[in-house]
Amino acid sequence: MQEDRQQDALKRLSYIEGHVAGIRKMVEDDKYCVDILRQMYAVRKALEKLEAIILEGHLRTCVPEGIRGNREDAVIQELVQLYNIAGNH
Amino acid sequence: MQEDRQQDALKRLSYIEGHVAGIRKMVEDDKYCVDILRQMYAVRKALEKLEAIILEGHLRTCVPEGIRGNREDAVIQELVQLYNIAGNH
Amino acid sequence: MQEDRQQDALKRLSYIEGHVAGIRKMVEDDKYCVDILRQMYAVRKALEKLEAIILEGHLRTCVPEGIRGNREDAVIQELVQLYNIAGNH
Amino acid sequence: MQEDRQQDALKRLSYIEGHVAGIRKMVEDDKYCVDILRQMYAVRKALEKLEAIILEGHLRTCVPEGIRGNREDAVIQELVQLYNIAGNH
């Protein structure tokens, strides 16, 4: 991963870890489910945003390198798989 | 699109059109909302499945052709955009 | 369904039907996959929006009526099922 | 939350926290993006599964209690909001 993208990813992961720890605290303290769910949706959005950032980095670097090199079939196969896993199809 | 993929897509689109017409009939006849929603989820899954099939065709044909040709930047930019639109990020 | 919600749903379904027919035309004319996918995402968003409208109507009318009546278990069971189907869990 | 559902939620949250920490390690060690993305999708699925479990508990306990009590409008309004946040509409 490019240096700046990696730093951004680590910052976002720290935020996500703190957020999940906060949700665990809410469950331990038996907070109202609706408030817990709102926090869970927020952390899921943060996770999806980070997925989009990492995928964009992959598309901009590894994919063209792989296709110009000898990994075309593997790179395309991976993208098809990722899309199927991500989308639950 | 490849011939067989195109035929498959047209068959799936006919099914989706019939399904949507069936849902319109249910709404006109004021059927129970829960039954209407179940049919809507089914048609959405059919649509998502077709998206996956068309994207897979794109990844296997246009993307490697574009990258080996002179369209690398455009092809990658399109993939990033598609992912962002599809995922709502 | 309430009269105005039903009229809104029918208008949205007509739009969706026209949109799907337009996508079929694009596939028949062998248009560029990326343009077809953009139209498919747009129609999927329109479908998801209509699901949200119908679910909101259901939550505001049938659910409280069912729970005050004798259908509490059935109504709750349906909501759990709908969420699981909708979310693919 | 019911005792057993709370215990289940805490166990799942511990798993999610460990999983996110593992992903951070992968990013620090500059692992291949595709492997990182696969782990991220797995943790997202675990999060969505837990959302479904907490929502089911909410639907089975707080919602009928609220509607039989004096919180009907509030309970329904919360469900409409949750669905809109969760679904990104």
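By written order: A, B, C and D. Residues from 1 in each chain.
By our rule, a contact is a pair of C-beta atoms (placed from the backbone, for glycine too) under 8 Å apart; a residue touches a chain by one contact, two chains touch by 3 or more.
On a predicted model such as this, the values are computed, not experimentally measured, just so you know.
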| remark: subunit A and subunit B have mean C-alpha positions lying a whole-number Å distance apart equal to 23
| request: Compute the distance, rounded to whole Å, between the mean C-alpha positions of subunit B and subunit D. | output: 27
| Chain centre separation in whole Å, for subunit D relative to subunit A (CA means) | 16
| note | Where subunit D touches two or more other chains at once, the residues are 48, 51, 55, 86
| With chains as vertices joined when they touch, what's the shape: line, ring, star, complete or other? | ring
| request: Pull out all the chain pairs that touch, please. | output: A-B, A-D, B-C, C-D
| query | What does subunit D use to touch subunit C in their complex? | reply | 48-49, 51-52, 55-56, 59-60, 63-64, 67-68, 72, 76, 79-80, 83-84, 86-87, 89
| message | Under the stated contact criterion, what part of subunit D meets subunit A in this complex? | response | 1, 6, 9-10, 13-14, 16-17, 20-21, 23-24, 27-28, 30, 32-34, 36-38, 40-41, 43-44, 47-48, 50-51, 54-55, 57-58, 62, 78, 82, 85-86
